[in-house]
Amino acid sequence: MNLVNKKGIVVRNIARAERQQLSRFASYGVATVHEAQGRCGLLDARVRPVQQNCSVAGSAVTVLVTPGDNWMFHVAVEQCQPGDVLLVAPTSDCHDGFFGDLLATSLQARGVVALVGDIGIRDSQTLRDMNFPVWSRAVYAQGTIKETLGSVNVPVICAGQLVNPGDIIVADDDGVVVVPLAQAAKADAAAQQRVALEETKRKRLAAGELGLDIYQMRPKLAEKGLRYIDSLEDLQNL
Amino acid sequence: MNLVNKKGIVVRNIARAERQQLSRFASYGVATVHEAQGRCGLLDARVRPVQQNCSVAGSAVTVLVTPGDNWMFHVAVEQCQPGDVLLVAPTSDCHDGFFGDLLATSLQARGVVALVGDIGIRDSQTLRDMNFPVWSRAVYAQGTIKETLGSVNVPVICAGQLVNPGDIIVADDDGVVVVPLAQAAKADAAAQQRVALEETKRKRLAAGELGLDIYQMRPKLAEKGLRYIDSLEDLQNL
Amino acid sequence: MNLVNKKGIVVRNIARAERQQLSRFASYGVATVHEAQGRCGLLDARVRPVQQNCSVAGSAVTVLVTPGDNWMFHVAVEQCQPGDVLLVAPTSDCHDGFFGDLLATSLQARGVVALVGDIGIRDSQTLRDMNFPVWSRAVYAQGTIKETLGSVNVPVICAGQLVNPGDIIVADDDGVVVVPLAQAAKADAAAQQRVALEETKRKRLAAGELGLDIYQMRPKLAEKGLRYIDSLEDLQNL
Amino acid sequence: MNLVNKKGIVVRNIARAERQQLSRFASYGVATVHEAQGRCGLLDARVRPVQQNCSVAGSAVTVLVTPGDNWMFHVAVEQCQPGDVLLVAPTSDCHDGFFGDLLATSLQARGVVALVGDIGIRDSQTLRDMNFPVWSRAVYAQGTIKETLGSVNVPVICAGQLVNPGDIIVADDDGVVVVPLAQAAKADAAAQQRVALEETKRKRLAAGELGLDIYQMRPKLAEKGLRYIDSLEDLQNL
Amino acid sequence: MNLVNKKGIVVRNIARAERQQLSRFASYGVATVHEAQGRCGLLDARVRPVQQNCSVAGSAVTVLVTPGDNWMFHVAVEQCQPGDVLLVAPTSDCHDGFFGDLLATSLQARGVVALVGDIGIRDSQTLRDMNFPVWSRAVYAQGTIKETLGSVNVPVICAGQLVNPGDIIVADDDGVVVVPLAQAAKADAAAQQRVALEETKRKRLAAGELGLDIYQMRPKLAEKGLRYIDSLEDLQNL
Amino acid sequence: MNLVNKKGIVVRNIARAERQQLSRFASYGVATVHEAQGRCGLLDARVRPVQQNCSVAGSAVTVLVTPGDNWMFHVAVEQCQPGDVLLVAPTSDCHDGFFGDLLATSLQARGVVALVGDIGIRDSQTLRDMNFPVWSRAVYAQGTIKETLGSVNVPVICAGQLVNPGDIIVADDDGVVVVPLAQAAKADAAAQQRVALEETKRKRLAAGELGLDIYQMRPKLAEKGLRYIDSLEDLQNL
């Protein structure tokens, strides 16, 4: 684990999840996947979608960049395959516009399905028009330079989470969650089960049943001491 | 007033506004209602709509929760009636995802018109698809637990405002304002009057009349010392 | 430059850019214009559009206001001409709702194309319905008073940038950039050239060529010491 | 409760706590008092001390101000008595420097023990030199005007808490907590008991006893499923 | 004014204020100077002192830097003279640690009296031990590189204010204010007068006189409609 | 790396650095250690010291906690040895007061040298009086509960950095840096060398030599195109 954020390296070959599994993760969505793997792996709430109504999942090609320098994006493009997500982490806080429509064109040409980064991006309108989805911490036109090495496909810390190259990135309107590749099968199964269970619950709730009864909460609430009173006036007299 | 944020209590019966009055408040919108009641009751600007182009008004069923714990939502659902707004206040800062589509299904089944909370929510895309409007401080998939008592229908402080159960909550794209139930009639009348007045002003302004003339501001501006000069060069010589 | 933020002044006559040039700047967009003038003039990332998919350019009528006081807006309207952008700077941090649909009606009647301000605004839904575009730091219903003088058409600092009256304001989904009037021709030419160049690059990138090759980055990367390795296992052995 | 933040009013007579009780609250400190009254009444964490190593308690003289306007401070001074704390709430977010050494001189002349406000203050160095303690959300030299009425001694919402005039304000390096006057006796007794209990615990802990044993946590931890393993290697094999 | 933030330039000769005038400004302090020049020139509240109880004034040697790059500091040192303040503005938001004890040693060797910047700094403890005062937006150990040109002694925007080289920078525990060199004499006189006036007021206030009377506020308050009532009970009946 | 933030686990035995090496790291300080290991491992700037003038280094006993729940602190105490630093990471953003003087007493009894956490703490004044140093993201009296399991001595992400149990934590007025145990020897040597080099540079700079000359920057600056001009007037004519 000492190799997190190691600079000056490009790793050429990484393991990736199967495309069908990625499709399933995209359909589960972030909240379900996050629950299914025990509430781990959620990126900080500051990373937000640039578009709406879009849910993706892909294999992480990680990019480590220095603040205000997007040189490594070009190095990363060459390492991308169809179904990948470019996952970008700066070594220090920066919301400059590292990424725009030209880089998106290049990624799209290689079949990359999204960009996720704890960075700023620009050309947001064009990106939406191109149907290239992006999750970022800011939309900001400030340009970047190409002077300093970072890395591609090393383990990185992005918005508070460790991401290894090849890990599964799931992103939708709720944010972004990372699923370690080695845990994908387990998370996949758990998510599938969760979706099925929720469907049942949803029907019962829609029919007017109460969660209090479905989840049998009343005894535990009583034991904790919850008191029901008739009116605010009674509250004064407690 | 000592009973604000009192924990472990559910108040069963609260006074509510009439449905027709609530409809009127929804049609006035937040900015107008806020003005009509003397610029009081506006929740902090951090509470923002999850959807766009939606204006609602309802009777507050208040929910006091502890950070990261959404147990009280289930208790609250049972207390809700058609036309209510669930108004959620945490006892300490927290933007976890307390609320999602299952709870929304349950609330919708009871006729609740919206959720407003100084909290995070999740399943944002599904909530929009369901047409269940939400105002929150964050969209974030982080789950919550069910371990600690809060309260339902006690007075709470939410995003900087005191809300009593039964108070009228008005929410639209501009944010959220609370109207104390006892002041509803007065605010209603004032808002109606304001809407009429604004209609007149809008027509005059659209026709090109100046606010300077409509509001007769020129004498007061002159008295305060406003100086008109011809060019920036003259500014150098002042 | 000592006259920045000078209070109590209205300057009646200011130089403005030609309408055709403004149209061109609107079509370039913020990111391109910002690059074209050497990465200067970008307002702070906190100033964000209230609407989506809108790009404008206009001549700045500057308004200096005191926190929570929108009196000067009415003075400013009279100084506006078709093609102008109202550019508002407070003398101290404030996100109250200085601006709403009535003022927008008045500006629209005079042909003003947008409002840009380091302030809060309200009536956001109505503003979108009116097709009057706004860039602001907050949407917040909090009202303002009319008690204190500011200025119209003096140089101001707005969201971290100096704006002189008559400067060109370009705004789109990426934010806002200011082009000093004296540099407009130069920035215009540079932007036009940049757009042409980008078109070429876009085609090559879309065809699958790599930026690494188009921009001939490989030698410089090698010189800086970038190392390609075959797998994460090799990383452990470096 | 509908009278919260009512403008244009000065209430001349308010109930106050006894000076000896105030002294006791100051000695307990904020964390203890907050616990003793069931974890209620804590002002938002943004309100911080301007000085260090100072603990005070006093009766709240509440001041409602409009953003950027400190006129009401002068009205409030006249209502103050020895042992009071001036508690200031703006009707909308503002961190301008409402308060400085001249007002502090005036308050000190009347025996006021501290200023607490969700506002900015200035002359911070002089305030420390004068030994006049202040808790604020910012230190900022920006001046304010005297144009708009607020109120003195009406109920206000300050940094997320309801404060009634005469409530007890306790402030130290940890922040600020408000004790409703009607609950003062109960909170006082609970705090005293808590202090005694903590003293015992502190001795046992200092002697090396573990909280795990003192609080008998081991069974509950085991029941929740806590697993002890010998090394990180074993973690891999779980 | 088109030359603000112009890159790649070092201006060798700038006008500076006299040392005696600088001493006077340091003794007035930030709040007084800010008032004396009509409440202009205050840097954003995010720029805070690293030390306490220190008040300085000096002539600005301006440094324009790119985010994460401190190369220009070394260029700037050579342009400094005794009595200068190094005033640093980044072209885009960055709180990396641009400045530490080695650069401070170099500046101290040339008689520079302080560093003020909208940047991060490091070695904060050593800087305090050296008695080299610093005002910054962050204390953060993150290092910077030396790759990109900025400028020395061009006009810059720093924390929301325009600063020309040679302008007077006044900094103390309340923050930082800039006085344009051309207005120094006027501001100096006004500040001196203000200090004298405040001394008189301070004595009267300390003796227990009320601001209400000293400033004759009672009639205006009455005219605005301020109502005095006897108790909170009366408030209910208004 | 899949075991980061794994819940419900206590690891009993971890490798630790030697006490003499820890002493050396404390003497180097954060900025130097951060540089010495290639600018890695710095915690986010939001984690700040509660005291001043204190530099420590220790072996990390990691604690994973859920928001608003400090139960795991008690479990962690038992795992601590003299020379350890308690390093606390929440699974989701929370600035409640997880830690106070009783827990500090317990840690001090076991020889723990400091607490570092991306959390809030309380009893700040007592902690300083006890000479128990703390680095945290907030000082806030809000209490926590003891309901949910976390972990002790598993790998965690804290304020943006991966920390393995036993890693070296260095903290001073500039913030906090983590040195992976396996890299400690290398970082130690590099830091020692850096300290020696800096001593030499410091003497030369103090004697008035310029960094421009010591680091031979002039040719590279010229090559990049830096232009020296005589005055601001010349700037106008460029």
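Order as written gives the chain letters A, B, C, D, E and F; numbering starts at 1 within each chain.
Operating definition for what follows: a residue touches a chain if its C-beta (ideal position, glycine included) is under 8 Å from a C-beta of that chain, and two chains touch if they have at least 3 such contacts.
All values derive from a computational prediction rather than experimental measurement.
Trainee: Where chain C and chain D touch, do the two copies share over half of their residue numbers, giving same, or under half, giving different?
Mentor: Chain C and chain D contact each other through largely matching residue numbers.
Trainee: Please report how far chain E has to rotate so that its Cα atoms sit on those of chain F, a copy of the same sequence, as a value between 0 and 180° in steps of 5.
Mentor: Answer in degrees: 120, to the nearest 5.
Trainee: How many Å are there between the centre of chain A and the centre of chain E, using C-alpha atoms for each centre?
Mentor: Once rounded, the distance between the two centres reads 42 Å.
Trainee: What is the distance in Å between the mean C-alpha positions of chain B and chain D?
Mentor: Chain centres of chain B and chain D, defined by C-alpha means, are spaced 27 Å apart.
Trainee: Can you list the chain E residues in contact with two or more other chains?
Mentor: Residues 39, 42, 45, 92-93, 95, 142, 148, 155, 164 of chain E touch two or more partner chains.
Trainee: Any two chains that touch count here, so list every such pair.
Mentor: A-B, A-C, A-E, A-F, B-C, B-D, B-F, C-D, C-E, D-E, D-F, E-F
Trainee: Any idea which chain C residues touch chain A in the complex?
Mentor: Residues 29-31, 34-35, 39, 42, 45, 48, 52-53, 55, 172-175, 177, 198, 201-202, 205-208, 210-212, 215, 217, 221, 224-232, 234-236, 238.
Trainee: Going by the contact rule set out above, which residues of chain D touch chain E in the complex?
Mentor: Touching chain E: residues 3, 6, 8-14, 71, 73-75, 77-78, 95, 97, 100-103, 105-106, 108-110, 120, 122-125, 128, 138-143, 146, 148-149, 153-155, 164-165 of chain D.
Trainee: Where on chain A is chain F touching in the complex?
Mentor: 1-2, 4-5, 7, 38-40, 42, 44-45, 91-93, 155, 157, 160-162, 164, 180, 182-183
Trainee: Write out the stretch or stretches of chain A touching chain E in their complex.
Mentor: 66-69, 92-96, 142, 145, 147-148
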